[in-house]
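Some structures to go through are shown next.
What follows is a pair of complexes built around subunit A, which joins subunit B in one and subunit C in the other.
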Partner chain A sequence: MHVSEEIVEQILSRLPPKSLMRFKCVCTLWCNLIKSPSFVAKHLSNSLRASSSSSVSILFKHTVEKKVENNDHAETGDDVETLLSSLYLCNEIDDDFDDLVAEVLRVPPPMNQIIRSSDLRIAGHCDGITCLKIFVGNVVLCNPAIKEFKLLPKSCLLLPNDNDEYKYLDCELRYYTEFLGFGYDPKGKDYKVVRFEVYEESCYWFRAEVYTLGSNSWREVETEYTYREFFVMSGYCDEQMFFEGIYYWQVYGDVGRCILSFDMGDEIFNVISIPWEEIPDEYHVRLGEWKEAIALISCPTVPVVPQSFDIWVMNNSGNVKGSWTKCLTIGPMEGVEIPLLYAPLVFWKSDELLMVAEDGRVVSYNLEKQTVKYLPIHFVGDYFHTQAVAYVNSIVSINGGNKLEGIDNTDFYGINALGDGRLRAV
Partner chain B sequence: MKKISVRTSDGQEFELEENLAMESATIKTSLDAFSRDDIILLPNVNSWEMVKIIEFFTKVQELETKFGVKFMEKKEGRFLEAFQAEFDKDLSDDNLYCLLWTVDYLGIEVLLENLCHLMAERTKNKTVESCRNLFGVQHDYTPEEEAEIREDYSWAFEGPEIEE
Partner chain C sequence: MSRVFKLKSSDNETFEVEEAAALLSETIKSSSSTEITVPNVKAEILGKVVEWCNKHAESEDTKDQLIKEWDAEFVSVDQHVLFKLITAADYLQIKELVDQLTQRVGDMIKAKTLKTVEMTYPTFNVEREVQEELKSLGF
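And then the complex of A and B:
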């Protein structure tokens, strides 16, 4: 006497991705079930529910010392490498994270040879899929839980110096910066990547394109920001996130630093201001998600003692966004045990914030108890290159595989590269 | 409280409280069709399974009285985990599988969900072969097809947590 297929489905939908991939081998019925879109959706919904109550996975991008197997570093002169590591954090544990082991994500070449932190950026995540920016112009989607990777096709946008139309302008375009965002479009029911590029010179150009997983291709999107002298972009904008159908980036606008948003469904850009008048000088803000809302965490550019951080939450009144309410002040943190904290990374629970601390450590700070727990993740180099995202383990497929072919890395390591990561368009 | 009598496949009789009996959709259907004074025959249910089911509901009542929480409403958290840790510790994989079948047959939703969760915990670190044995699944891949899956997902077959 066998249990029904519904029961089998109920059991399987609670299993971790690794087990499910292995059990595709059990029989063809199980394999077809595991691959079916309705099962994938059911599994995802179970995972999302579990992550809000019991446990969550964190993906870190960090630079570490390379394990030296031989001393042959004459070629690059580098003794560091940039890795993606994942950590599974359980809500219930009140003890230290001493027993936790971070798993280094095995990535296909050439991703396993990335040296500089600025060569790899996490550019959004949704439903267990992470979008990665590698070197310049390469976008890789990846689901770490099922070890799937996919290099997206090349951009469909013509750079000004590729396009004869712009030659009459007679201006030498110095550089462009590229921004990416990734999320789910609930209207079109598809995963989308948005890329926009801004060209800097005496005139500013703003071009954008969207990739959909369903079509596996890019198409340009019209925006009112074309030809507008609007943005001077910072190459360091790691402060970005996807939330409820909209992607947000922190950028420089003509009024200073503000937030640019892109609605994945309507494909429209918008600008949201940051309440700088209420934030102390010498402070910067990071975007994040807190208690199911978009939040800004303001922190000093240079750590000061005693340390304190403010959390602002965006007010959502229908379609009108842009006003913020200060919800919480963390600190002042006093206590010998608390290390110098540089920057917040991500909230993995509403009262636990991952932060980068001095000496290259990553800690989890508990807002209520005001205590710190160390994570088995460390980094070298500048703290602002370290990223962390809280993701859910899903089996959503991106129609990828375990190989990557055709990543373009020649431009970056050549003489065209500028130190801060911007590409000189030649 | 009215008591409902049931007889299991091995001839044992149990007296269930009416509200417990009504948790089973199958028993409820029988009750609606026949007189409540008759004994309900359950030829597909073994006595040890009935004992376990009664144990579950007794425990639920105990916990509800103690914590003042409706069990159905608080499905996550330590409340559930502590309970589950006790419930299945003396059950083998095959026992659990049989119990799962029986509870599905009896249509006891709330216990079914718990058992699925327990079964998932038991299953997640199994090898493909032991999974086939437990679920009584017929192996229907050609050797080439199976080899291809094992190669595509080789990382899923490695790891210290996988039981032999």
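And then the complex of A and C:
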């Protein structure tokens, strides 16, 4: 029985990455097919389009107790470790979460020695590739589905203390914080990482650079926001995301809390306002993707019982100056207390919202049926730094491998660092 | 008045198909004649393809739960039959049917391979193991 090559390709393009990596061994024809850009693209488009939820996994960054005999004070010191775990469905039964598998992602050293949750941050994801920030100044791209990791070259921006240009100024540029974004540029057809650095103290500086996977290098981008103050709200993944060619961060700007966007194609920053006049006082917003549009989830910052959230969707997603429409109110949710600030909120399977409850357990709330289900994964300690993203299983390669060399952790664990990870310029 | 198409199998059996069902096939759509011979496809298989087309022609809404269940049953066949159906659907260019059938093969492969533990690439042993698994699935 002979099946045509096209049919074989069609069948293979529906398989999960794990199977495909094995099938590369079968014969050279299959190996070349699976590595070919057109096949990778076809596989990705199948995964993105798939009505079944088995092509989407959740990546969790969380802190767990290390297995030690004495479990006192498990939240501090070396008794905890920070891990990345993948949560995925093992088969197609939608309503039944019993086949959910939580697997710790095996990461190359030194990523497997991270203690504090704040040392590792998920800084965006796209097409199955996740961008991670490790310690200070290290950016790692990873595709968890095919276990590829790549450390990016160092920043091309000089720190103020390295740059003679700034020496004549009175102000002391003692601190800087960096923020990242990652996504796909549909015009240049390449994956890009954008980094902007904000320098604090008496004057504020905002500089930005872009890394492209194709060139494997950074270059600075000009921006008009050089002298303004922009603080990313918390630097965590739920305050930032990539959507349709543009990266979004929630920031503090001149006009208060707003959204800063970066167009990956045009490489231009822009500011979008949040409809604060229509949101109750003492509420804040989280960024997310829902039903193929950008969404804001507004949640209370003080305990209210019962808890409910509103979802706002951006109109005209393609137009950066879009306005917002309130679409849906979630809840009130019975029997589950969701911590109000910073804990992960991820839309999964279009009508499920993944959250972390006050007791550290992960729950999934079904928007239609308004039911809550507990998932087989939990956290210890402070969920403040916990992150979760829903990524699609893809075989997109980042030209990486399974080793990481040259991660700079001396600045953090060494004597030049401040406790919260920022460098002190000398 | 809708036209009636005649599909002939390789073992000379003829199936009469109403226009709505027949036009689900791109091959038939772009054919100038209403009589089409499908080479290499026997009556047993062609009959099943016609059955699928008839079912999908009568129901406009493909998201209907009943149709989904019917489709799921339709593809739950022995792998040899599955591959023969794929060949027929591919020749007739019935995209939706090809999608469903290839998805089914994909699911069967997935079910087998996800049970295996670690992969080391490339080693001779893994290659042979994988080859044997695929052989047993009809590749």
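In this text, the second predicted complex is superposed on the first by the 359 of 426 C-alpha atoms of A that agree within 3 Å, B and C clash if a C-alpha of one lies under 4 Å from a C-alpha of the other, contacts with A are read in each partner's own complex, and residues count from 1 in each chain.
What we mean here is this: contacts are C-beta pairs under 8 Å (C-beta built on N, C-alpha and C of every residue); 3 or more make two chains touch, one makes a residue touch a chain.
Since the structure is predicted, the reported quantities are computational estimates derived from the model, not experimental observations.
Asks: Which term applies to subunit B and subunit C once both are placed on subunit A by superposition, clash or fit?
Replies: Overlaying the two complexes on subunit A (C-alpha atoms) leaves subunit C and subunit B clashing.
Asks: Which holds for A:16: it touches subunit B only (first), subunit C only (second), both, or neither?
Replies: both
Asks: Examine A:28 and indicate which partner it touches, taking first as subunit B and second as subunit C; both and neither are also allowed.
Replies: first
Asks: Contact-wise, after the overlay, does A:368 reach subunit B, subunit C, both or neither (first, second, both, neither)?
Replies: A:368 contacts neither subunit B nor subunit C.
Asks: Quick one: name whichever of subunit B and subunit C touches more residues of subunit A.
Replies: Partner touching more subunit A residues in the overlay: B.
Asks: Should A:277 be classified as contacting the first partner (subunit B), the second (subunit C), both, or neither?
Replies: neither
Asks: Using the superposition described at the top, list the residues of subunit A that contact subunit B and also contact subunit C.
Replies: Common interface on subunit A, subunit B vs subunit C: 1, 3-4, 7-8, 10-12, 14-16, 18-19, 21-26, 92.
Asks: Can you tell me which positions in subunit B touch subunit A when the two form their complex?
Replies: Interface residues on subunit B, with respect to subunit A: 76-78, 81, 97, 100-101, 104, 112-113, 116-117, 119-120, 123-126, 128, 131-132, 135-141, 146, 149-150, 152-153, 155-157, 159.
Asks: Which residues of subunit A touch subunit B once you look at their complex with the stated criterion?
Replies: Answer in residue numbers: 1-4, 7-8, 10-12, 14-16, 18-19, 21-31, 53-54, 92, 106, 147, 402.
Asks: Flag every residue of subunit C that touches subunit A in the complex, lowest number first.
Replies: Going by the criterion above, the answer is residues 80, 83-84, 86-87, 90, 98-99, 102-103, 105-107, 109-111, 113-114, 116, 119, 121-123, 126-127, 130-131, 134, 138-139.
Asks: Which residues, counting only subunit A, touch subunit C once they are in their complex?
Replies: Where subunit A meets subunit C, its residues are 1, 3-4, 6-8, 10-12, 14-16, 18-19, 21-26, 90-92.
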